[in-house]
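Here it is: the structure, laid out below.
Residue numbering begins at 1 within each chain, and the chains themselves are lettered A, B, C, D and E in the order written.
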Amino acid sequence: MVMGMVVGTVVSTRKEDELQGLKFLLVKACDADGKPTGSTVVAVDAVGAGVGEVVLYASGSSARQTKVTKDRPVDATIMAIVDQVEVDGARRYNKE
Amino acid sequence: MVMGMVVGTVVSTRKEDELQGLKFLLVKACDADGKPTGSTVVAVDAVGAGVGEVVLYASGSSARQTKVTKDRPVDATIMAIVDQVEVDGARRYNKE
Amino acid sequence: MVMGMVVGTVVSTRKEDELQGLKFLLVKACDADGKPTGSTVVAVDAVGAGVGEVVLYASGSSARQTKVTKDRPVDATIMAIVDQVEVDGARRYNKE
Amino acid sequence: MVMGMVVGTVVSTRKEDELQGLKFLLVKACDADGKPTGSTVVAVDAVGAGVGEVVLYASGSSARQTKVTKDRPVDATIMAIVDQVEVDGARRYNKE
Amino acid sequence: MVMGMVVGTVVSTRKEDELQGLKFLLVKACDADGKPTGSTVVAVDAVGAGVGEVVLYASGSSARQTKVTKDRPVDATIMAIVDQVEVDGARRYNKE
């Protein structure tokens, strides 16, 4: 998975039927401190994530292995909200 | 998924049988403002997208999870036409 | 899919059994004008493509969805020969 | 697979059900000497790896082919702990 | 597939059970002349490749489509040893 920060939302009316009801979030890859650094993807939310939260998202066929995304044409899904990141024994990110 | 702008069309007469009847669009990855910035892919259209529209496309096996692309040798499919993008509470892209 | 130009051929005698009889082409990703710009892959030919032609190739599991590559250990397959590319209403590439 | 060094841990309370009980490690791609050089992923641990160890991780659907990750929404799994790396006949990395 | 040169070997004692008995080779992506240029992966050997040889390796689920790697958690497999590469009609690489 990749660690990223939810930075925004994407709204679409006209879309593939199987995507109805899913929430699309704009996620920017981030470093261990939770600072957005990398590329941006649009991921489906499977855990109730919100803007400003650091999350883990999975890509590819693994993105379809959740209750919310099963058999849907989704290739990026937010799987977890990150509470803490520790690098070399030091706390680098702490939610709240 | 990745957000991109449809910038053109690709025509092919000689192709794998299973691709007959599909529309190939040239899609350039774009930022939250809808400005093309990134790399270009050729995606199959599943939602009636047109040149100039900002869309979401899925890659890999997920690209084959639509009615239009089921069991076809397709690895990138346009899944949605983007209406709005909001980043940190501010509207960044608005269709029309 | 990715648009690329066939720039060469690769010959291999010692290979996985399931690859016997397949033609390996060296394909360089290209821009809308058909000018090689990007990275190079070795793709299996499913449509009779030749050196100098601009093609579309699919990657990943989608590369195994053709008659020629079914159930074979192939991760990149040429699916179509490009005739024309149009960007913003203007012809950018024309075969022949 | 990609060779990487385990540099940290990620803790998440709120996550997809199927991820319960898995250990998330922050892994930074490294060169043949075991020096972190590349991008960072969050991989699930299938072999009891710890911070500071050089490991091999698999991505994509292959990440779900272990007892620990079977049918779980995981796209990166640590598969092996590296003991030795040899390049052109010379030892480049040696665990311990 | 990607063309690469086998530059080394990786030894691992503690690993996922399904990886027992597989040979891990360090492969560096190379250009048409067989000169290493790109990124490095650790691929499983399915054809008896050795250090110094130019090979083709497949990634993703295709890497599991060989007798040696069937149902194993492998995401990169060496599928062929390259004998010759020709670009624009000129021999660029010739084994031995």
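As a convention for this text, a residue touches a chain if its C-beta (ideal position, glycine included) is under 8 Å from a C-beta of that chain, and two chains touch if they have at least 3 such contacts.
Values in this document were obtained by computation on a predicted structure and should not be read as measured data.
Asker: Fit chain B onto chain D over the CA trace and report the rotation angle, somewhere between 0 and 180 degrees, nearest 5.
Answerer: With C-alpha atoms aligned, the rotation comes to 145 degrees.
Asker: Whole-Å distance, chain A centre to chain C centre, using C-alpha means?
Answerer: One centre to the other, that is 32 Å.
Asker: On a C-alpha centroid basis, what's the spacing between chain A and chain B, in Å?
Answerer: Chain centres of chain A and chain B, defined by C-alpha means, are spaced 20 Å apart.
Asker: Among the residues of chain E, pick out those that touch two or more other chains and give their numbers.
Answerer: Only 59-61, 63 qualify.
Asker: Just walk me round the ring: chain B, then chain C, then whatever comes after, in order.
Answerer: B, C, E, D, A
Asker: Can you check the complex and tell me which residues of chain A touch chain D?
Answerer: 1-3, 31-32, 38, 46-48, 56, 58-63, 65-67, 77, 79-89, 92
Asker: What does chain B use to touch chain C in their complex?
Answerer: Residues 7-19, 24, 26, 39-43, 51, 59-61, 63-64, 71-76.
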